[in-house]
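For reference, the structure discussed in these notes is given below.
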Amino acid sequence: MAIRGEVAHLGHFELLTPKPSESLWFFEQVMGMEREAEEGGSVYLRGFGDYERYCLKLTESETSGMGHLALRASSQEALDRRVEALERSGAGIGWIDGDVGHGPAYRFSDPDGRTFEIYWESERYSPPAQLRPAMLNQQQKRTGRGVGVRRLEHLNFVSPEVRSCRRFLEDELGYRSLEIIELDDGREYGAWLTATVQGHEIIYILEHQPVRGRLHHAAFWVDTREEVLRAADLFQDAGIFIEAGPAKHTPIHSFYLYVYEPGGNRIEVTSGGYLVFDPAPDATTIWHEAEYKSSRAWGRAFPPSFDTYATPPYEEPAAGA
Amino acid sequence: MAIRGEVAHLGHFELLTPKPSESLWFFEQVMGMEREAEEGGSVYLRGFGDYERYCLKLTESETSGMGHLALRASSQEALDRRVEALERSGAGIGWIDGDVGHGPAYRFSDPDGRTFEIYWESERYSPPAQLRPAMLNQQQKRTGRGVGVRRLEHLNFVSPEVRSCRRFLEDELGYRSLEIIELDDGREYGAWLTATVQGHEIIYILEHQPVRGRLHHAAFWVDTREEVLRAADLFQDAGIFIEAGPAKHTPIHSFYLYVYEPGGNRIEVTSGGYLVFDPAPDATTIWHEAEYKSSRAWGRAFPPSFDTYATPPYEEPAAGA
Amino acid sequence: MAIRGEVAHLGHFELLTPKPSESLWFFEQVMGMEREAEEGGSVYLRGFGDYERYCLKLTESETSGMGHLALRASSQEALDRRVEALERSGAGIGWIDGDVGHGPAYRFSDPDGRTFEIYWESERYSPPAQLRPAMLNQQQKRTGRGVGVRRLEHLNFVSPEVRSCRRFLEDELGYRSLEIIELDDGREYGAWLTATVQGHEIIYILEHQPVRGRLHHAAFWVDTREEVLRAADLFQDAGIFIEAGPAKHTPIHSFYLYVYEPGGNRIEVTSGGYLVFDPAPDATTIWHEAEYKSSRAWGRAFPPSFDTYATPPYEEPAAGA
Amino acid sequence: MAIRGEVAHLGHFELLTPKPSESLWFFEQVMGMEREAEEGGSVYLRGFGDYERYCLKLTESETSGMGHLALRASSQEALDRRVEALERSGAGIGWIDGDVGHGPAYRFSDPDGRTFEIYWESERYSPPAQLRPAMLNQQQKRTGRGVGVRRLEHLNFVSPEVRSCRRFLEDELGYRSLEIIELDDGREYGAWLTATVQGHEIIYILEHQPVRGRLHHAAFWVDTREEVLRAADLFQDAGIFIEAGPAKHTPIHSFYLYVYEPGGNRIEVTSGGYLVFDPAPDATTIWHEAEYKSSRAWGRAFPPSFDTYATPPYEEPAAGA
């Protein structure tokens, strides 16, 4: 019943890369994350503000895209209730024993077939000597290396059926939709969902290719817009392709910067935006297509690749296939 | 049980001022708030991001301090459950019909005797033509006047019994304590509480005078630390006394700037800090006195007035009284 | 010889507008400038940091564009030497008695026929009571109204002969060229000139229409990039068209935001960039076309209007004319 | 005669340290500078924006303080004229052959006996492959390591005779005094001098100990106030003592942060402030003691150590000595 609050927050996600050493260089040296563990072909990386051990599991793979997304429940009881609901819904897959840093996790699928997990038991991060911070309420020292991201902020997925995916998160996991863009043809172009008051944690936007389950981007948080601007300078000097930004998003008003990491996945560095405190069920901002197009933040549109590129990349079937 | 989430957020507070026109000038012209209503000797003022009609009720009075603090429940059912609990606890006072912009509210007292209210029914703000914004997901146009605060961020109270007040908010209203400072003598020096994931909404710190119920400060949010720095320039040119800051707080790491508004109340302009996502009951950071004193953010201490001044001002009883 | 240093800085410029009251609203209410004087159909406006009385003379006219640009010499002797050189060069027009706030000025033309003036005698600004600042080294109180520009930063002109214009400023006025973009066809696409160490004061870029003497934009300075971002929000809510930015310029690395004021002139709000201290004659950065195109700051290009729109607007002659 | 402009800018300074490896760690790892050369017990370090090879020569020594300050002349002729004047003035010492990165330099003393040098011939920096930047008008790639200072901004000396030192720089080297603080007893408390339009390059403030020739601090520039705030976080986590700031200076309004590097020298990270364009001889802001004390920026005073600590440290002679 009182579903809201049963998912506490995004735990971590697994990113697949066909270029593991270059991707590792990107996240460690350019993004400034720390290697917390390595196991079975995966490297586990953390932002300086993660209270858990990591937020990114980087895994070598034949292609790019997301492996899975793991959500932390707000208690053991909340986990049990969500699992029961997920099993009832038909989306359930089953339990796994856990992974580095967390206990048993229940696997399920979103309507597009992406793998999600939900868990409760979690290890609190304990820094090694060289990362010990000055203050008790810091998880880790700031090293001053690279962009210096604090934490994972949101995941953005592309889906042919934004509405179904959105309703699945609302109905089975208690997410709130803060903003929805509706197209004139009745489909939803995008939905911005959160389990807390922060502007967004999971986003679905429309897939334009005949595929399912792709990742649009993963966004990491820095504390200020100035750090997003600084990141743009660092990316350019590091030879990282900048696709769009720094600029202001129309939904949530967050400040964005999109790049492609060496494995091909689109990564966002983000800050700002607003918190949404209104608890009312009708608090969602619903944009109609024309409203959205005519009042974009700072009048800025995205480059065409923003609507077509996602990972793994889509390849047109060969003629005659 | 499942108290968490039943209080949605701070609604508004009533600030008492012996200099109503000067205080109004401060909040409207210097802080950049909008007059949304005037009724019965009070002026209702809003930040540009308030989805409700206002966050500040400014009321003429013989002295300074806080009139009441109003909290919004997250639903009618949540309100009913909180009222039932408050009545049981003995803290309840009773219902009032409502006020500008909100419906019936239940009054109760914190352990120091401050007046709190909790309500559910609320009018969503609808801007007049001259304040209509460019985008659908903005509540109001940014006027560019003065500091330009977005919303009320937190209230800080001084109390001779921080621990009792903290436990009252936890037990009866579902607040989480994110940080607590414990003195060597066993008392608590301060407690930082929230009903969401944002760093703080209500703070209690130790009262050093033989009085109860005083206000340490009310804090308004701006989106960036740069706007806090800009505010310091505006305050100095406007002749407003700056007591401390801009600088970084040790708890929550938010960026602060403290001034006294013409009515004598301490007002903070704040930004930054971190969100606390860890849902675990033991996620509170507990500082022991020595730890806190030896690792303050940027090594900075407050001026002595920070520990003694609150509103209404304390006046020593005349000798022989 | 020893020309360098004889022009001290940009004094002010005259902007022509066919919509004087709307343009005045823009500069006063949105840009946050102060009306310092009104005389003969012109309003004289100042930024909060101008030590002279004003930097903008806004004049009603049939069309848009620049009336004149006035430069302050660094001494009476420097003025005399420049006038002598200008007379010799054939660019001289003659003396005028002065204008609000400054003494005798010598008029001359740049190679495109724009009117420039150079003067030495200047009144230092003295603020009225309501604009008196808190500190001795401030020219004026910060009012907190609108964007809040400090001063005029640079003027950008479009010219069919960038090289001639650049050499004129170098040879007759002692400007340094900090950056030059050279096209493959041998023409110069742009030249960034300064009389001091600040990144640019006068810019010429290529005119694509068969006209001479147009204004590309006038740029006003704010102290931080965050204020440029804040300006973008204010412009959008005020209904001002944003053409490009906020983003980073390739030459000088300054942070830009371009809008059209109601009279049609392009106005930039700018901050950041670097100072150029190298005094050597060969310190100019010379970009070849391909280098410039392949390494733009943050990979960002301008919208097409940036290369075609200037004021006064160019109108194609009617067919058969 | 036309002295102004003959000194182009600060070239570099030599900092003495009794803890060379710890000081090197500070400048390289925490401040983010690059090692450009090592020779004869000195390490030569650069900011990312230096067009010359370095701005800091770090030299092992028995105690702390400054070795010498080197100024770049604006041409060979300017150098010759300054040397002639310095010889006439009695402050001259004589020529040295040069040092890493620059040609012959003329040594002289300021009135306190500090060693200054002035030179013209200078090597332009050429980055190695791993520091090659993305754009032609950058000197070097931004590595994203540590604070990331762009360049040396100013040197601040303590002197028992501020007025004599100031006049020496004005009369022999063409510096302008932008701000002067005069004490009630007729002495000058401080003088802020520049050779360009930037707010300050050399500062003298009053020495309170019976010694001459000490260094108050050396200041390095970052492009934004946000980077100064970021630096404060990095310093705290790196265990570097923060003496004062981040906050706003009263003269020049620059944003400051003072720390002690491991060798004991006070180092400032600075940004912001204003450029001074007024070329008039009477453009200096002269503060009388009371004016200065009553209108400090943001009402903030320095800690007592700011008036007493300088390098090398002063040690009271033993009693009876």
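Order of writing sets the chain letters: A, B, C and D. Residues in each chain are counted from 1.
Just so we're on the same page, a residue touches a chain if its C-beta (ideal position, glycine included) is under 8 Å from a C-beta of that chain, and two chains touch if they have at least 3 such contacts.
Fair warning: this is a prediction, and the values are worked out from it, not measured in the lab.
Asks: By label order, what chains touch chain B and chain D together?
Replies: A, C
Asks: Please state whether the interface between chain C and chain D is built from the same residues or different ones, using more than half shared residue numbers as the mark of same.
Replies: Copies use mostly the same positions to touch.
Asks: What is the distance, in whole Å, between the centres of chain A and chain D, each centre taken as the mean of its C-alpha atoms?
Replies: The separation of the two C-alpha centroids amounts to 46 Å.
Asks: Go ahead and note the Å separation of the Cα centroids belonging to chain A and chain B.
Replies: 32
Asks: Could you list which residues of chain C touch at least two other chains?
Replies: 134-135, 224-226, 233, 236, 297
Asks: Can you name the residues of chain C that touch chain B in the complex?
Replies: 30, 32, 133-135, 138, 141-147, 224, 226-227, 230, 233-234, 236-239
Asks: Could you list, by residue number, the parts of chain C that touch chain D in their complex?
Replies: Within the complex, chain C contacts chain D at residues 2, 4-5, 8-9, 49, 51, 72-75, 122, 124, 134-137, 150, 179, 196-198, 223-226, 250-253, 272, 274-275, 277-280, 283, 285, 287, 291-292, 295, 297.
Asks: What residues of chain A sit close enough to touch chain C in their complex?
Replies: 225-226, 229, 232-233, 236, 241-242, 246-248, 255, 297-300
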